[in-house]
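Listed below are the structures to be examined.
Both complexes shown next keep subunit A, but they swap its partner, so subunit B is in the first and subunit C is in the second.
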Partner chain A sequence: MSATTGNPQEDFLVLDDVKTHFDMGTTLFTRESKGVVKAVDGVTLTIQKGEILGLVGESGCGKSTLSRTIMQLLRPTSGHIWLKGRELSAISDKDIRSERINFQMIFQDPYASLNPRMTVLDTLGEAVRTRHPELKGDALRARVAELLRTVGMNPFQMKRYPHEFSGGQRQRVAIARALAPEPELIIADEPVSALDVSIQSQILNLLKRLTRELGLTMIFISHDLSVVRYISDRIAVMYLGKIVELGDAETIVDHPLHIYTKALMSAIPEPDPNLERNRHRIVLEGDPPSPMEPPEGCKFWPRSPAGHDERMRREEPPFEEISPGHWVSNCPFCVADNGAS
Partner chain B sequence: MPLLEVNDLTTYFHTRDGVVRAVEGVSFSLERGETLGIVGESGSGKSVTCYSLMRLIPEPPGRIERGTAMFEGHDLLQMSQKELRKVRGNGIGMIFQDPMTSLNPYLRISTQLIEALQTHRDIDKKAALHKAIEALEEVGIPGASKRVFSYPHEFSGGMRQRVMIAMALITEPALLIADEPTTALDVTVQAQIMDIIKQRQNDLGTAVILVTHDLGVVAGSCDKVLVMYGGREMESGSVEQIFYRPRHPYTRSLQKTIPSLQTKGQELYTIPGLPPDVSKPIHGCAFFPRCPYPKTDKAEGASPELEEIEPGHCWSACGFCDSSTPIESVLAKAGEVAEDGVPASAGEPA
Partner chain C sequence: MTDLPGSAAPGIAEEELVEGSSLWKDAWARLKKNKVAVGSLVVFTFICLFCVLGPFLSPYDSNAQNLFAGAEGPSADHWFGTDTLGRDLMVRVMVGGRISLMVGLVATVVALAIGVIYGATAGYIGGKVDASMMRFVDLLYALPFTIFVILLMVAFGRSMWLMFVAIGCVEWLSMARIVRSGVLGLKKQEFVEAAVSLGYSHSRIILRHLIPNVLGPVIVIATLTVPAVMLLEAFLSFLGLGVQPPNASWGVLINEGQANMEIYPWLLLFPAGFFAVTLFCLNFIGDGLRDALDPKSAKD
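Presenting the complex of A and B:
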């Protein structure tokens, strides 16, 4: 157990060296292994109750796999996950369904994640009854109406079907559905990236307000640091299945240490023409390497604009606490003061 | 003479449920080598504007009702299909949002790249292939001489979009229309793609129409901006005019809603309500129902006229609201009543 691991009995959600690997199977005749995709490769993380943790990274970095592993939709290959002192990774597949009402998910695409043949009342009613199977009729309707009001919708819309709503309203319904079983942990996987800019801010404000009011804990996944910065208390930056930097939202955005975090930030276009034209960008070359054959040593060296040496290509850098609460994968090249911020 | 001059472009869709007024009287012009950004939310008519220029609107139900689009002295909207074929992919190239659906999955990249060259140029296959490899190298695809024989699925999203750019620019068109070219991509890849578009534009002197909903992308790469809402032009001008001296309440509100790295702690400003339903006729200013500005006593329903407030800077001068004051002070006043705590500007009590 490394120094970052929290106390499973005291902390809300604790991940200890969680790995989720996908075995690609063997070839048909020679029976050689086709390789293993190491989507999540050793994540250690502690989340406190009431916290919003932002998880950022490029596509393919493993952020969605990590969230599905926490949800136990995928079982980890190794490592442990505790939620409120209960070890989720040890619960059998049979019992995990009943456990899952404590953690709910909001997906990116509200068009695909709502059943088009169910009215809002059916969708939300079903979700409410996972927690309160005894509710029906008027009591159930009252609860659904309350949920709709919570997410800023009018209860008279409960008889409608998903296609009758706009994208923003659909995402509100999806949020209401996630809230319906009264969960304690919500994982929001890119909940605003499919929405229009003017609607995005409405949903962000709503999510932030709900977490505060209902005392929820949330993992907010996005590739957009400007959105994550707005909503999160802490930010974890992921790259190739590992967390490379972790700290308070303000610290990560204002004083990033790892060059990958800096590059992610400098890639975000700012709505200011003069700033944009005179900006020093750290441009990353190419795409992230394949998680099937991740580079040895510091996983960032093939793309690092700061250069690399033999040692960096061999030894995996330690994940260290540089200042209180600010952790970074401490590779001498990636974390050196490389001028741009 | 500008390269492209669009005047009063109006496109309607005649559906069973009524007439959808997707684009209503949009005008703009573009010089050689210039970049125009068209900004707006979904349904604001920005894509339909581009498709109308390329005459890719499905007819019926769509119909270009009126307007002209003079491209190198010829009206795109009056051309016959035969003439259009000479312009598409030759004078005007286009990049679409989703590079997977716009590449043919059954054909090698080489076949798809060469097609445009062989259609529009008198060139043999070997020379065309040579040019295709060059085009891939120019958009930064490593190992282009081998990768040119790959199929689209063998490329990542960012690489596919590079192939699209190479394909659109292989005939060195005078105008490139890019419809949300980076929306489906990661931010890091988005930065790479925008750099490539800019660099190729400099090399070839291509004019670019960039359709996007991301004001940040516009700030970084456009010379001029057209802000659309409900199928109409709300405001247009140089990128400095739009970003530093916005006049229309919609432009100002849109800027306020964007979470940026500079926004701290406070709640994000939201525009109340929903974008307009363009299948119903809009009287007067399209933004009127969502406008945060105090209303004046001028009668509702009169159509706002485009007014030029400084050279090249036009806005849809709606007289319903008193929009001469900056949005911060309007919101500060509104904040006293609003329960959701709309952020007030610094220094003013909320």
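Presenting the complex of A and C:
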């Protein structure tokens, strides 16, 4: 257990060196391995109750795989996950079902995440009954109405079907469904990226308010840093299955250390056109390496404009606490001041 | 119950709720606009009523022979004429229709029940279980149907019910394939992932979340299976493996009719006409349902 790992008995959610690999199987005739995709490759993270952790990274960095691993929709290849002192990763597939009401997920696409053949009442009622199987009839309907009011929907619409609602309203229903089993942890996997910009802020404000009012803990996943900056208490930056930088939202946004975080920050558009014109952008070279054959050493060397010496192309940089609460994958070439902060 | 904000929730009375329009209702509305399908539905209903209620209203018995009135053309007494044994053809068409329609219905229901459950299970479990389950389907596909039925008849004796089951057992194969591919596609949808993450049981996910969403294509295939099954029954009866004289089905009547078609053409024309119209109707209804349930696939 490394120094970054929290105390599973005290902290709310603890991830210790979680790895989720996908075996691509063997070729048909020669039986050679087609390789292993290391989607999540050693994530260690501690989350406190009531906080909103933003998880950012580009497409294919393993954000969604990590979220589904925490949700136990995928079981980790190795490593441990504790939620409130219970080791989720050690619970059998059969027994995990009854644990699921404690952690829920909000999905990306509100057009695909609701069953088109079920009314809102059926969808939410079914979810409510995971925690309160005794509820039915009027009592169940009252509870569903309450949930709909909570997410800012008209409860008199509960007999409608998903296709009769707009994208933003559907996402509100999906949020209500995630709240229905009264979970303590919510994982939101790009919950606003499929929505119009004008709707995005409404949903973000709703999520922020609900987290505070219901005392939830949230992992908010996005590739959009401006969204993550707005909602998160802390931000974790993910690259090729690993976390490269972790700290308070303000610190990460205002004083990023890692070249990758700086590049992500510099990609946020500036609303003021004068500032936008003078904005210094760090443009990374090339595409991220394939997670099937990640580079040895600092995973960033094939793309870093600063260049890496022989040692950092072989040795993995340590994940170190530079200042209190601010952790970074401490490769001297990635973290050196390149005048972009 | 926890205190969520805004929980001053008064009871919600059932009648105040805005009634939603389900996809089924929308599909029904679209189907009603399809004149050919609605017309077919009306004609098909008439044929069903004619066959089911007709024999009660007719003065003749379907198997009562009257050798003095053998093979007469249509007349005021016998609207469809009589066959070579003097039996009233109209009653025989009605009674034969009952059997043909029942074969269509029962065999389709058998095919539906087996195919949907089998296909949904294979698709939902996936992996090696799916592969072996579907190889079994391929195996049955490769089995020549006629030989299969003949073997069944030899083993269990000739029985109409056995024939229903035999046809159903063959027709479920394509049903299973369609349901499986539908479930495979749906399984990756986020609402199924959501159902898993809510901790629902496998049977609940299959029955409430997957099957209702593949029912559209299944209903279409079912309507198209009914005529296929009726054709199979006609074929088997034609071979002498299905319904046995003196009992009648449309297949049997057509078989008898074609033997004498040059001398007594009405013996072929009436049962064949009813059979053809029924098949047309069912195919039009199936096409209409397909367009109504999946508006994107409609050509216009």
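In this text, the second predicted complex is superposed on the first by the 341 of 341 C-alpha atoms of A that agree within 3 Å, B and C clash if a C-alpha of one lies under 4 Å from a C-alpha of the other, contacts with A are read in each partner's own complex, and residues count from 1 in each chain.
Operating definition for what follows: contacts are C-beta pairs under 8 Å (C-beta built on N, C-alpha and C of every residue); 3 or more make two chains touch, one makes a residue touch a chain.
The model shown is predicted, which means the values in this text are computed figures rather than measured ones.
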{"item": "Simultaneous placement of subunit C and subunit B on subunit A, clash or fit", "value": "fit"}
{"item": "Touching partner for A:V36 - first (subunit B), second (subunit C), both, neither", "value": "neither"}
{"item": "Subunit B versus subunit C as contact partner of A:I322, first or second or both or neither", "value": "neither"}
{"item": "Partner chain(s) touched by A:Q200 [first = subunit B, second = subunit C, both, neither]", "value": "first"}
{"item": "First, second, both or neither for A:Q157, with subunit B first and subunit C second", "value": "second"}
{"item": "Subunit B versus subunit C as contact partner of A:Q108, first or second or both or neither", "value": "second"}
{"item": "Touched partner set for A:R100, first subunit B, second subunit C, both or neither", "value": "second"}
{"item": "First (subunit B), second (subunit C), both or neither touched by A:L74", "value": "neither"}
{"item": "Vertex subunit A angle, Cα centres of subunit C and subunit B, expressed to the nearest 10 degrees", "value": "80"}
{"item": "Contacts of A:A127 with subunit B and subunit C, given as first, second, both or neither", "value": "second"}
{"item": "Subunit B and subunit C, minimum CA distance [Å, superposed model]", "value": "11"}
{"item": "Residues of subunit A contacting subunit B in one complex and subunit C in the other", "value": "none"}
{"item": "Subunit C-facing residues of subunit A, complex", "value": "71, 73, 96-101, 104-105, 107-109, 112-120, 126-127, 130, 132, 138, 141-143, 145-147, 149-150, 155-161, 163-164, 174, 177, 179, 181-182, 213-214"}
{"item": "In the complex, subunit C residues that touch subunit A", "value": "1-2, 4-7, 9-12, 14, 16-23, 189-191, 193-201, 208-209, 212-213"}
{"item": "For the subunit A and subunit B complex, residues of the former touching the latter", "value": "58-59, 166-168, 196-202, 204-205, 208, 223-227, 229-230, 250, 253, 263-277, 281, 283-284, 286-287"}
{"item": "Complex contacts: residues of subunit B adjacent to subunit A", "value": "41-42, 142, 156-159, 186-192, 194-195, 213-221, 239-240, 243-244, 253-255, 257-264, 267-271, 274-275, 340"}
